[in-house]
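Shared between the two complexes below is chain A, which pairs with chain B and chain C, respectively.
Entry: the complex of A and B
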């Protein structure tokens, strides 16, 4: 049975459209200017990755993997995965995607960890933020992508924003969880020793929450990578663009190779962050 | 008394058969997401339901799956096939006699590079694509300072290869980036945002579309179209791109060939459907202005363009459609 017309849905839609149009006219110019430093940073990282010799990039990534895990097998795995991306002809696009990943990860960290800490400290902030996080994780991304394109122009900046919106919630949630899970007796001991709030947070809570935070970073990275194709629909270059072209032209091979390169990047990010998280959790087993 | 009832029933069933659809199943139309296609689908749905007594379903999907569906015979009508860039699977099915084209749905598709009227008025020197190098700062790409940005067509479309080749052929490759907007929605968002703020932009676009109906845009001049040149330009690997305009594209309706024998009247109706491109643009602009749903747009069309659509169907069908309004 049809639901009675209580609100005029068409008027509501038109109202929202008009509001967005007005927003574009009033703020798009200033938002474009404000986002310029972000764009410069992203362009810088991308140029750095694309213009460096490939073996140097692989060597740096393998070194990072070794520092994260202290396992040479993982470094070897990273080298193999990166070589695989190069061999299937996706190196340049892979670097473009990697640049977007790195910058969005930096943004997720700078937003996500402080937000998670605040959430664990203030019950009221937590109550406000939780439904916002739900919206960020479930709202179909195209719904907010188009307004973001209208406000920031087509290209890297809206792609970055969309990626961060989608990918940051797990980091916030797991940072909050990690701090809340710190044992009460430990906190009492810290209080008994006369630690200030700040000392408790930085010296006790955050270090003990690190394994959970690392799990959050891991999840955030995975989700950011899964946004690559969506980001390419608003003009981000890289592997997603190739997948999209493959879909639109019904060229399965083109889509599959780029898709495999995305998977390779994902496995690499996943294993390195997980290994680092494990090492934080059980320092004696993995270390030395 | 009983006889009268029987007589009544007989008459009712007679009328029923007179209105019965040629197909004992649903008529399935390919519903691609953009407005011109949705408008045609809703017009066809109204005429098929009210005039031919058919049940109509619209199958929603993108161009690639829908062309595949018409080739397999899963949909009965696909409205907008750009015949010059028809995909391989349609061409081979056409050769094998499995699908057939029913001629133009619009009077012709227009493709080209466009600038808004306010940019053309402010820069009277910018008339042709060969004037573009002097204006690259006007259209500067934020992501690549020093280069101009031309919005290309959505990723993976044939026009993307043509535009990339034209960029070479016009000698613009050192001054301009052929920027892929990814999706049609992204491209439209960028255009309407720039237009609302009266910002300069340069874009590939095509007609019939709501964008060209709604916004006052000026097409940049290009050298004349040559068939061989365009053939090469459509190939991403074209060795020596040719400086020449797009042809006036033929946009055609296509159906599975079997429909012509299964439902000759419906197929004949499909063959007659044709709306001139400038009227399509005007209709789309009306829908955009009024925020109308495709079905509302179809009603608007049926009410105001009667002299056009009544030519598509026999007089008795036209009467039934009118009577149902």
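Entry: the complex of A and C
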């Protein structure tokens, strides 16, 4: 039996459409202007990666891996993965994707960590933010891609925004969790010695939450990478675009090679961030 | 003026504590409050004062509210009602920034599970209170390394706390608390997580430091032996209310309630009591320069078989009537037989070997060697026999 028509769904739809249209008319220009620095930043990183010699890029990445993990094996792994991307002919597209990853990660960090800190400090903020995070993580990304594209136009910026919206929730959650998990008695000690809220946050809570925050960064990069194909549908260039082309033209080889390059990037990000997170772990109090 | 004065403290845990304050004051029990109103009674009408330089022990079983009580002193927990004065100032009236100053300079805390900062080195842990005050890191480290030496951990400064054993971690905790040079030291079951040998070691360290520093210490424990060993005074807490407070001897020998009596029943009295507690005053004392004839006549007149011989306030020994049979013109100093003596602070237990199989008297002297009295065998028997513990008042009369 059909559900009775209580609301006129058609009118509701049209209402929403009208609202978004109005939004686009009123704000699209100013939003595009506001997002210009973001675009400049992204273009700068992309140019830097694409114009640098490939061996220099690999050397820098291997050095970062070494600082993160203090293990030569991991650096060697990073070198091999990057060489693999180059060998299968995906270097240039890989650099475009890497640039998008780096910029979206920077954005996720600047939004996610402060949001996570606020969430851990304020019960009220937490109550408001939690359902929003749920929506961000479960709403199919295509749904918000439409208005984002309408507002910002096709191109790199909407791809970036879509990626951040999808990828930032785990970082917020794990920052909040990490701060909450700091041993109560350690916080009590800090209070008993007369630490202010700020001294507690910067000197005790954040350093002790760092392993969890690193886990959040790890999750965030993984989710950002999984967005590259979707992002390419709205104009982001790079590996995702190649996968998309493979689908459109039914060229399995094209899609597979680009896909493997994405996997290689993912493995690299994952291992480096995990190794760094592990290095930050401290044994629990009282353990002998 | 008392250093810390706590008066009329009530603490009720729950969403709406004030609402049930009157009911609690009228005597609603802890169980009823929890069952009917869903609020937990933490403390009820606690009054105590801690004097400057005193080691005050608050003792109770788990759930008795002792950890709650100690957290009221530095306001990690705020009371539902009551007043807490430190140096005469009601700390409940302090603004947040004044409270922070109080915690930074006047008092510090040692925790049961150490609560060291795992991401900081041992040295930076000790320096924490100083860096929080705003002292620059270099100077703070100089002060901190001095304190690290005082607790016997020189050379461990660069380690991280988890590399250290429990006892060593708590030494770090103690150094961290002392580094800010506070007047008041709050110790929340500080040694309870340590094994017995290490615990004794830490107690010795604390007593050694206290002799030098004269801090006002509030010490929480569930271990009566520890309380009796460390405390100048002891308060016993049960279900959030004080049941008795007094010096260790009074608690042990004059328990006011069955609860306390039950507590002290199993205490090893041989360890807690000392020679002074079993001492009786000498009845017959003579000076070394008394003549034999005079002494003999005096003893026979009073019916004494023997007398204590003193040189001023120092013990020479004893003389018996048999020793005084000849040479009436000499002084008795030549005829004194020496006796064994013990210090007044000697553990009762350590007297037992001397008393078994040897009936000669044992003298009690001060640390400086001045004579105080004799060990009374009957008092020893009365005090260490467990059956006597329940008739504590009777025993007490004997001692006094």
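What we mean here is this: the second predicted complex is superposed on the first by the 281 of 288 C-alpha atoms of A that agree within 3 Å, B and C clash if a C-alpha of one lies under 4 Å from a C-alpha of the other, contacts with A are read in each partner's own complex, and residues count from 1 in each chain.
Here is the rule we go by: contacts are C-beta pairs under 8 Å (C-beta built on N, C-alpha and C of every residue); 3 or more make two chains touch, one makes a residue touch a chain.
Not measured: the values here are computed from a predicted model.
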{"item": "First, second, both or neither for A:146, with chain B first and chain C second", "value": "first"}
{"item": "Which superposed partner A:73 touches (first chain B, second chain C, both, neither)", "value": "neither"}
{"item": "More chain A residues in contact [chain B versus chain C]", "value": "B"}
{"item": "Touched partner set for A:236, first chain B, second chain C, both or neither", "value": "first"}
{"item": "Which superposed partner A:250 touches (first chain B, second chain C, both, neither)", "value": "first"}
{"item": "Which superposed partner A:13 touches (first chain B, second chain C, both, neither)", "value": "first"}
{"item": "Partner chain in contact with A:204 - chain B first, chain C second, else both or neither", "value": "second"}
{"item": "Partner chain(s) touched by A:32 [first = chain B, second = chain C, both, neither]", "value": "first"}
{"item": "Common interface residues of chain A - those touching chain B in one complex and chain C in the other", "value": "none"}
{"item": "In the complex with chain A, residue positions of chain C that touch it", "value": "74, 76, 100-105, 108-109, 111-119, 128-129, 132-133, 160-162, 165-166, 176, 180, 186, 193"}
{"item": "Chain A partner contacts - residues on chain B that touch it in the complex", "value": "62, 64, 87, 89, 142-143, 151, 154-157, 179-183, 185-187, 189-190, 192-193, 196-197, 291"}
{"item": "Chain A residues touching chain C - in the complex, by the definition given at the top", "value": "183, 185-186, 188-196, 199, 203-204, 207-208, 282-288"}
{"item": "Complex contact set, residues of chain A against chain B", "value": "10, 13-14, 17, 21, 24-25, 28-29, 32, 36, 39, 43, 142, 145-147, 149-151, 153-156, 232-237, 241, 244-250"}
